[in-house]
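Consider the two complexes below, in which chain A is the common component and chain B and chain C are the respective partners.
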Partner chain A sequence: MKTLLVVDDEPEICDFLKLFFEERKYQVRTATSGQEALDMIPKVKPQVVLLDVHMPGMDGLTALKRIKETYSDIKVIMVTALETREKIEEAIRYGADNYITKPLSLEYLEKDVREKVAHLAGEKISQRE
Partner chain B sequence: MAAKGDKKSVDFHQVLLSAAQSMVRLKHPERLLKMITRFIDAKVKLSHTSFLILDEKKNHFLFIDSKGSRRFPVSLLKVDMDYPLVEWFQVLKRKMRIKEDYLYLPQLEKWSHNGRYRYTSQTNPETFEKIKKAMSDFKAELVVPGYYKKSLIGLLLLGKKTNDCRFTPSEISFFQILTQDCSMAVKNAQYYQDLISQNQELETRLHEIEKLRQKEQETYYQIMRSLAQQVHAKDPYTFGHINQVERLGMMVAKEMKLDLSGRQKDILSAGLILHDVGKIGIPDSVLKKPDRLTPDEWEIMKTHVEKGVKILEPLTDFKEVAEIVRSHHERYDGTGYPRGLKGDQIPIEARIVSVVDAFHAIVSTRCYDAGRPIEDAFQELERCAGSQFDPKVVEAFVTAMKRDMKKRGVGVWIEEDQGHS
Partner chain C sequence: MKKPYIRRRKRVLKRLLVGVSLFLLGAAIFQSLYLLKGQFPILHWVANPLFLLCLMTLLAIVAYKPLDGLFVEIFKRFLFKKKSYAHLALMRLAEDLRLTLDLQELGNLIVNTFGEILHLKTAALVLPVSPKGKYKIIAGYGWNVSDYRKVHLSPEAPLIHLIRDSGPHVLIRNRIFRMVSWQDANRLAHDFDALRAGWIIPLFVQKEVVGLLAISSPQPDRKFDQADFQLFREFSDSIAKSVKIAAQYSELKQAATELQDSQSQLIQKTKLAAIEQLATGIAHEIHNPLTIISGKAQVLLLRKDRDHLEPNVEEVLKTIVRQTKRAADITRKLLMFTQGTVGKKESLSLEQVLADTIALVSYQTSLEGIEITRSVTPDIPPYKANIHEMREIFFNLILNAVQSIQSPGKVHAELDYDPHDQIWIIRISDTGKGLGQELIDKLFNPFFTTRHGALGLGLFVTKQIVHRYGGSIRVESRPKQGSLFIVQLPYTDKIGSDPLSETSPAQATS
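After this line comes the complex of A and B, so read on.
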């Protein structure tokens, strides 16, 4: 099962992306803060996390750092309305697998998530071999 | 135009008319587009109603608004120019020779099964599949375009009707006209905004240019003023001359009740200060000659008038001042130089300069003539009134001077402000 965790402080965006990816046969869970996401990861075991950068409380970059420290095999795609070079560089340093700016193209988002999952599957197969 | 069945739910005709009417010359149509989106959502009962508008600067489409249970988060999404729905209305529809200017899912099914459409390098049976997928991604049952001069700038996406009924032709044509009107309104508003910002930019630039020009002219004026001072510094006998000439000239103008409002005062003042600025171009051998000048030397001396005018030429604001400089050696009877102007042909400011300059020359200690008492100077001016000088100016000058002297003490001529302004 392809499992996706959507993290965004706007419930409307969480709901929309949940529905969108569920229709594409993903199991989708949502969180509205960085802390909530971190708490959910051990249970949900997502392959891909869509992570908003600007959130009250723990922001996306901090959450990214924590996720990558503990679960290096989880693919994290940063999603943000802001794109300063510093933020992008920081995200890449923490190990972000992609950085998508809002407004985003649904087509691109879907393709990127699909590729990340496929990539993970590929890695698993090569590990087994 | 509405079919009978529609009238119960929505009077499209009326809505359309009022929407179209209120959109003419709207400065901020976004609010109205939101209202229309909400109106459709409330009246037509669809899974969603979404309005996309082209962001020309970013070159993609953005949601103006989205309503309904399957609405889209407006800030999250964009639609790129190469997205199948956009491409369809921009290019593909024409390539495939499809007349209908909308995409309606049931009809799309028919088209794709029909197979009689023209396929090119850009279009093939899969085109329909791409379109279907795009419509499914956006949960759209009906997609209606809006154009401005043949280029797509608006897209109305309509979800399924909640009662599962199909859209009627009259509904579709209603949405077509509505989307078209909305797109035109958006485009007009953009043009209007562009125009305003262009105008503002232009005004700011003009203002800057004007400021620069003024600054330049001020600088030039300062240079000339110091030049004029230098002229008189070169001529030790008339040291302090220009400040005196300016003061006396203004006094005469006031006595004559000339209009000194606005620039007039500055023009007169500059004329009084700068009338001899051309002397900077006269050789010292002539300018400082202690003896009387030979006729040739006089001719050279006279050129200071034209030289002064030349110096003032670069100053567009100083046309009138240049005219005063050009005319300050004209005589009232027409025998002066350089043009032999007569009476009122000579600017009044130049007639004043002429009197004040002559007076100052008479009372100052000159190399060729010892300074004479003021009464002598008055007599001299009065003697020449009507020939060299304008009698009205002489009269005003003498009157004003006498009053001024009385105030300061009878018979005393004080050279004030010598050497400084």
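After this line comes the complex of A and C, so read on.
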């Protein structure tokens, strides 16, 4: 099962992403803060996390750092309203797998998520061998 | 300024007066001897005409010189005031010196007055120029500007040392050379030659050397005398003071200009920072709702295979997605231009970019009766840049040109390359309404626009991009005479070394 964790402080954004990805046979869980996302990861075990950068409490970049420190095999796609050079540099330094800006192009996002999942599957197969 | 010099007239008159005086003197002696003859018959030979001739000759030989000298003195002092022109000119100079604060103007005034009244070949005012204190000619009489620009003496030059050591005395080349060792004379000669000087008049304020006047040796027929030295001494003092004041004034002015510049830069930076903050705030607050609107519309649209959508509904959904993207682009653009972009750089044919841009706007402009032409210098090398940024430059400049034209008109785009300095040059001219100076000053400010409903970011953004590439942009324009925008992009190695240029993800644009 392809599992996706959507983290955004806007519930409406979580909602339509959940709807969209569920229609494409993903299991989708949502969180509205960085801390909530970190708490959920051990239970949900997502392959891909869509992570908003600007959130109250723990922001996306901190959450990204924590996720990558603990679960290096989880793919994280940063989603943000902003694309300042510093933020992008920081995210890439922390190991973000992609960095996309709002408003989202769902087609592009889905393609990207699919690629990440396929990539993960490929890695697992090669690990087993 | 220059009065007719009356030397010749004076000389004739002087000779005449000397002659008359000699005659009168002779006549007086003769008369008194004649009177004496009555009492002393021994003087009977006085009546002989030969005696008269001898007396006059003797007088002419003995008394001419002293009389001549006497008259010269009298002329100098009382009748014609030989120095009157020089005196007047220098007095006026002293007056003007007090009124002139501009160093260049002051310098010209000084060297020209000196040069003219003393009939000099050359005269130059030499001043220490900050920051290194090198002595340079700031005004020259009888000099080519391009020649005297090349002349400079270090503060350690032998001549400057000599002036410091000897104080405010006029230095005469040949006399100085006789007083020093031949090595020193050699070194000094070099400095004298550089300034084409026979005489150096140092300018002192208290004990500080504020500069010097270098003047050529006087013409052979004109020797400087005691009175000239007196003049030099008197005026070198007031010149020195004025020069010092003017130099300080120009330093102050320079400092004020620099301050103004850095102030306006600071304001510009502050403005940019404010825009960045604003754009960041807007982006955050607006992009989320836009994302929701666009996202939900996309969910519906992507479901159309499963759920049937009325054609008009599908159209509406597409419009929603398109328009939300457009709205988001505004803030993104704002952000992009207040900071560096993450665009990828590649070798571009600017000619191609120009052609694409013209193709993009020419359909619309042809409807409005505006003709866009272009000329491109052959064999322009490719330019390493981000294609979007280059498009932005061309697009903004051409659009700006098109929009300045109200009735049918022309826009001409030129692409040029300077192989010597490795500079790519873009010139966009139009036959539009042109701009006054006060508009030109504001033209590149963010949110400045003369058109109703325009955002006023086009030229601002263009300038930001051009500056990021180390280039320059300027405009030449007059009201009703059209405008010419000139962009110069230099070759730089730094471009393309952006660490993000290869790794930054490209988001799909719908």
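As a convention for this text, the second predicted complex is superposed on the first by the 129 of 129 C-alpha atoms of A that agree within 3 Å, B and C clash if a C-alpha of one lies under 4 Å from a C-alpha of the other, contacts with A are read in each partner's own complex, and residues count from 1 in each chain.
Rule of thumb we're sticking to: contacts are C-beta pairs under 8 Å (C-beta built on N, C-alpha and C of every residue); 3 or more make two chains touch, one makes a residue touch a chain.
The structure presented is a predicted model; accordingly, all values stated were derived computationally and were not measured.
J.: Should chain B and chain C be called a clash or a fit once both complexes are overlaid on chain A?
T.: On the superposed model, which is not a single observed complex, chain B and chain C clash.
J.: Counting only touches as set out at the top, which of chain B and chain C does A:E89 meet: first, second, both, neither?
T.: After superposing on A, A:E89 lies in contact with chain C but is clear of chain B.
J.: Who does A:A81 touch here: chain B (first), chain C (second), both, or neither?
T.: both
J.: On the A-aligned overlay, A:K102 touches which partner chain: chain B = first, chain C = second, or both, or neither?
T.: In the superposed model, A:K102 contacts both chain B and chain C.
J.: Just chain B (first), just chain C (second), both, or neither: which does A:H54 touch?
T.: It touches chain C, and chain B stays clear.
J.: On chain A, which partner touches more residues: chain B or chain C?
T.: C
J.: Going by the contact rule set out at the top, does A:I13 touch chain B (first), chain C (second), both, or neither?
T.: It touches chain B and chain C both.
J.: Do any residues of chain A touch both chain B and chain C, and if so, which are they?
T.: The answer is residues 10, 12-13, 16, 19, 81, 102-107 of chain A.
J.: Flag every residue of chain B that touches chain A in the complex, lowest number first.
T.: 60, 62, 70, 72-73, 75-80, 83, 137-138
J.: Applying the document's contact rule, which stretches of chain A touch chain C when the two form their complex?
T.: Touch list, chain A to chain C: 10, 12-13, 16-17, 19-20, 23, 54, 81-85, 88-89, 92, 98-108, 111.
J.: Taking the touch rule as given, give the residues of chain A at its contact with chain B in the complex, in rising order.
T.: Answer in residue numbers: 10, 12-13, 16, 19, 81, 102-107, 110.
J.: Considering only the defined contacts, which chain C positions touch chain A in the complex?
T.: Chain C reaches chain A through residues 280, 283-284, 286-288, 290-296, 298-299, 302-303, 324-325, 328, 332, 335-336, 339-342, 499-500, 503-505, 507-510.
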